[in-house]
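Common to both upcoming complexes is chain A, partnered first by chain B, then by chain C.
And now, the complex of A and B:
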């Protein structure tokens, strides 16, 4: 049995189950499939065709690649906004014809010819854009019609002028440069195309018009409700698409100087296949220029290889058709199941064996023995506030607390009946602390560490720390800053409960019982933020010990309180002060008698303790059972205990029925009263401490030590 | 002793070497050129980019090249773009980077591959163009004089529909791909020839892109629009069967003349003449062209031009007109025979 437990312990210590879910949560995971397809293509075709991946072979394809990529980008931009542009092949042919006609037949200067050709493409795009963007016609049918109309126009012109346009009458050095020269080993078409790709990438990811396109494609209705110019954005994508396809046509003209009637035939299917194979979603809103590049490479290599394999007539088209079908199927399935898959694998429980829980039976000799001392607390702000995680009082006796709506509320002394919204932070303010200058410091869930001056001015102190090298999740961002305290030297130590879950899912972290949390230090003298301890099991409350060199911190799922020395002789040491609590500890704050108050957010149960030793059971539960049926820690009791410097329990207050104050997350002693907060409560409780010092305040306690 | 052993070993190896090398010598005496010329072909790389495989012309040419490739041990690669100009251009660009010893190109248009042929020449690769003449000559051209071919077709048409024939004099021209030399030089020839015959007028001049079903559709319409139509000038047998079908459907076989042309394959040429589908046929004998092509490739491989593309050789195919009257048993060739026995 012990052997088996050791094995389980080792298996969960060394197999990083949680990484799979974290990888699936990455935004670049969408590129994984196309990259895999590319590698597969190269492996399979590279072994079938000798020399396929040689440098010379790739250079031979580079001019075509430039043209194809331009058309694929044209298609991608339209697809990102939720549309489709089938007319790209015809626009390509039109631009090719216009270029040759104007240059060869009419002898216009090439620097005029190229913009005119692109303008033609833009005009076709504008027609598409007006019909689809403003008149709300179906993209598929509309562009199918423009495909046919433009193609017919080009065919009519070709019948009349095909012979004349192919005979160059004028020479142009610029045109010859575009046609024949290579710069840095690359044809001009490819260089221009790559420059446009970079520009398009920056536009889509960094600039307003690009964001508009992504927003409109992601959800047209939401974009409209957000006040975005939906119609104009959609119309603009078609104009851009027309221009890009036309530019590709210009390069085609420079490469082949021929106006055949099959120019650009089937290009729309090729471009569509490339865009989808690259991982751009047909539904819009999901995709990138990089995906377009990937798709274009895959399709070019594939079509080139099929050509070299000399498939029987029609074989090449058939293979490309199958690729398109497969890509669309993968796209649909991926979009549909990615989130599902991620949710089912994200929660990854580990092994945790807690020590035996101490006795809490009423009337027992245990220091934790149940009582009902909190049954008659005074209630402040009942029903007016939601989620006061950590109440705090200022020097003048006003009471502050955060709420789930993102506010910090101030109740005015002395009776706390009137209140105001002190500031609005935007996240859920959790731990609070006053510094010596009367500034309120707040850990805001989802945002980081903030300072609010007495003049209500909000300053962000820190929202990122050092990134750890081996973490898949970007742990430089702060997801759930929880509680803080200020050292005598001004450094701020705060806990981040977990890096794997957001505030709304904080309790799911209990199912993992992994050390997902950390303690971070912000140094205002340098402005730097460093993680000082990690792999903690939901580190929560932090409070400075009275020696000025250490602090106590609680680990909620670890059910323990530890002490950490950040200065003095024992710098860097860590010591468990209370190893096995009967419940889940939350915030810690100073008490007037030299001890420390500790809130219990919930109580341990034998069944959950057992579940913690069975990670497989919890994993199956998460996978197979609906979340509202999951076994969670018991959060229905209210309990506050007091311990001294050595970790001896000196007091214990219970709300045994859990009606007034279940799930107490914090408490503050102030002038003989104990103020109680709860992250899920709609009130603050006030309990008269029997024999409490009516003059003691935390401010004085901290000031005394600073002196 | 050691010396003796060494001597024996040397003698043995010399004897074996003589034996080994004397084998083929005994089989075929060196006439001073044959060994040298066949050695020049061994291990060379020949690439062929047709418009498409799968029809009589390209299959016949390829059969000839394959035969030589086997016989002389050169490596033949065929890249089939399947009627796509762009795919063909891609294939040629690709080949230029692969540096074969000669590229055989069957250009679909006059202009489309002109630059690529020049690029290949500039990269030091000799180019042979077959059948369809591009604007760039390359090193060798093997194929018909399209102008002459169309003149011959028009002359036979004039005989049937011209002065004193009692016919309407209305004829229709079915072109292939417009930018193709067959159509471009062909239409010039037709117009020039008809200048001397004002009684004949072209009532329809359209392009069917070498596609029989397109030709069929166009011909049906033309026949309906011109019930007194005298004849069609078609420019390729594989397309012109569409015209023949349209005439048959209209019940006018024998009344409407069809002048066609092509590679002289039994099925496409002689059988159609026999059955009356075609009235006259100008053959450029693709079997003969296959042989010309084989020889051109051999010549280039044996004597690689120092500056490819500088001097061009034109090997224009002799044309012969086939009608029911002039047709003999060997007027045409059979593809399966060419594939089996070579051109």
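And now, the complex of A and C:
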């Protein structure tokens, strides 16, 4: 039994299950399948055909590759905007013919010939673009028609002039350079093509026209609603496609100097297959130039290998057809299931054995014994606020709290019946503290650390920290800044509860029980932000100890309170002060008697403690059971406890029925009252502390005027 | 050959026998708050086994046999053991089954009958009784592995160890007519001499003919059915459903190691298992949807307990239902008795007798 537990513990310590979900969440994961296909292709065909992967063989294909890549990019750009261009092969043939006719037959200068050929392509693209973009014809049928028409025009001309166009009458050094020269071992076609690829990549990812194409392909209606020129964008993609296909035709002309009726036949299928195999979605909006490059490489290797294997007539086309249908099937399934797969594998529970929970029974001798002292709290703002968190009072006695709507609400002293929106932050403010100058510092979930002046001016202090080397998730951005406190030297220490979940899913982190959180220090003197502790189990409340050299912090899922020294002789040391709490600790704040208040957000249940030692059970539960039905700690009850410097529990306040305060996430003492907040409650409670010092305020305590 | 492969695939995909889906509460079973809003007849500790003998309404509470007159409950008789089940005959006989397996008859043709010890020894978990005429008494035994008070364990062990017996009062003979049932918890004799039994852990009603053939009558109930009672109109029946099925419990029922650990190390009222009572301790399990938001528990929250009474027509098809939902307290209703226009329901988990109005089996 103990053996099995040790094995489970080791298994979950050393196997990083959570990484799979994080990788699947990355946007580059879409490239994984094409890369895998490329490797597979190389392995299979490389073993069937000797010398396929040799350098010479690859170089031999490079000019051909440049042409193919241009056509694949043409197809990709149209596909990204949600369309399809079947006329690329015909345009290719047209440009080839036009180039040869103008140059060889009519003797035009090559610097005029090339732009004219590209212009021809652009014109065919424009026809497509107007019909599809502005007149809203079906892309498939329209380009099929242009495919046939352009092809028949080219065929008519070839019938007439095939011999004449192939006989060069003029010489041009530029043309020879394009045709035969190699720069850095690469043909000119390939270099031009790669330059265009880089340009296209930058346009699609960094420039406005590229974003428009992606937006229109992603959701045509949303793009239209956002005010994008949808019709023009679509039309432009066909023009671009025509130009790229035409350029490919020019290079083909330079390479082979021949116009036959089979030029560019079947090229559209090849390009389409390459684009889809590369991972560009047929539905539009998902794809990249890099995917087009990958797809082009795969298809080029495949088609050349098939030629060398000398399959019987039609065999090559049949194989390409199968590849296309397989790629389309994978694309459809991947797009459909990617998110589902990611959600099902993202939550990755790990092993956690908590110590035995202390007794809480009513009437027991335990310091945590159940009572109902919070039964008769005075209520503030009942039903007017959603999720009041970390109530705090200023020097004038006004009460502030963050809400789920992203506001910081101010209730006016002395009776707290009137209120105003102090500021709107945009995220749920979870931790509040006043500095010496009366500025309100706030940890805002999803945003970071902010300072709000008495004049309501909001300043961002920090929203990113140093990125850790081995984290797959980009953990430099702050995801769930939670609670903060200010050291005597002005440094701000704050907790980030988890780097793996957003505010709306914070409870799901309980199912993982992994150390996903960290404590971060912001130094206003240098403006720097550094992570000082990581791998903490949902670090939550932070409060300065009275020695001015250390702070207490609570780890919610770890059910413990620890102390960390940031200055003095014990700098950098960490010590657990309260190891096994009966519940899940949240915020910590100073009390007037020299102790510290600690809110319990929920209570431990034997069944959940047991589930924590069964990561497999939780994993299967997350996969099988609907999220609303998941087993969680019991967060419908909470309490407030008080502990002293040594971690001894000196007081315990319960709302035993959970009537007013089912989940207590924060509390603050001020002039003899204790103010209670709850992150999913709709009221602030106010409890008269028996024997509480009616003059004590937290500010005074921090300024050293009181203890 | 196919079956193990199918079973293996189902286990991975969560299909077939491994599916944890629960039947929807829709149509006739659409939730309402009729039980929660109904007037309280009397607060009683753990009321169970409501039966009507003539004009008299009897029920049990622990080891007490009680009677309710109008709205005042009064004790009738106390027994040495908890009363497990009651049944009344048309001839005013009352059969009483106790926890130790003894069956006693008061009044009627066989007044003073008592099952002898040797026979009673095999009946360790009597859950329901019903008369056929005056001479025959049908007995449901929930499980031969666990007593009635340990029903939760019996479910979690996934037992099908229940049986149905017929006791001939005149010949004092006891015959088993069906076995290997998954906790039979309610019984009703219909006109054609066959018995309708609620098989709790299968969430269904079955019909058992005199030769012992079992045929499902009503399947896929959204909860665990308890006792059946005749409607006063003479047609149709009342079915009390004592706890809901839930996805998470269905899931736990398929996690053998977890369940075994749970049964070994945790007290049964804190198990992730159905419950008769609404939650009252923070040590009980909580599911995500059951979290109080803005101080309110949502009625549709996932729950381990509820109150549900279903009105069935003469073919045992549901026609109407009465509910107490997740945010209520009148949970764990195990028995009802019909007195004309009024249906008295006993909430075993909510310590209450409530009075529901109906006309011909439909809410009035």
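Everything that follows uses one rule, which is that the second predicted complex is superposed on the first by the 704 of 707 C-alpha atoms of A that agree within 3 Å, B and C clash if a C-alpha of one lies under 4 Å from a C-alpha of the other, contacts with A are read in each partner's own complex, and residues count from 1 in each chain.
Here is the rule we go by: a contact is a pair of C-beta atoms (placed from the backbone, for glycine too) under 8 Å apart; a residue touches a chain by one contact, two chains touch by 3 or more.
Everything quoted here is computed from the prediction, not taken from an experiment.
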When chain B and chain C are modelled together on chain A, clash or fit: fit
Superposition-derived angle with apex at the Cα centre of chain A and sides reaching chain B and chain C, degrees in steps of 10: 110
Partner chain in contact with A:162 - chain B first, chain C second, else both or neither: first
Contacts of A:437 with chain B and chain C, given as first, second, both or neither: neither
Touching partner for A:259 - first (chain B), second (chain C), both, neither: first
Which superposed partner A:634 touches (first chain B, second chain C, both, neither): second
Contacts of A:415 with chain B and chain C, given as first, second, both or neither: neither
Which superposed partner A:386 touches (first chain B, second chain C, both, neither): second
Contacts of A:620 with chain B and chain C, given as first, second, both or neither: second
Distance of closest approach, chain C and chain B, by C-alpha atoms in Å: 47
List of chain B residues in touch with chain A within their complex: 52-54, 77-87, 89-91, 93-99, 108-116, 119, 177-179, 184, 207, 209
Contact footprint of chain A on chain C as seen in their complex: 14, 20, 246-248, 251, 255, 257-258, 261-262, 265-267, 270-272, 279, 282-295, 297, 302
Sites on chain A touched by chain B in the complex: 51, 56-57, 59-61, 63-64, 158-159, 162-163, 166-167, 179-180, 252, 255-263, 265-266, 303-304, 307-308, 310-314, 316-317
Chain A residues within the chain C interface of the complex: 360, 383, 386, 507, 583, 602-603, 605-608, 610-611, 614, 617, 620-621, 623-637, 658-660, 662-663, 680-683
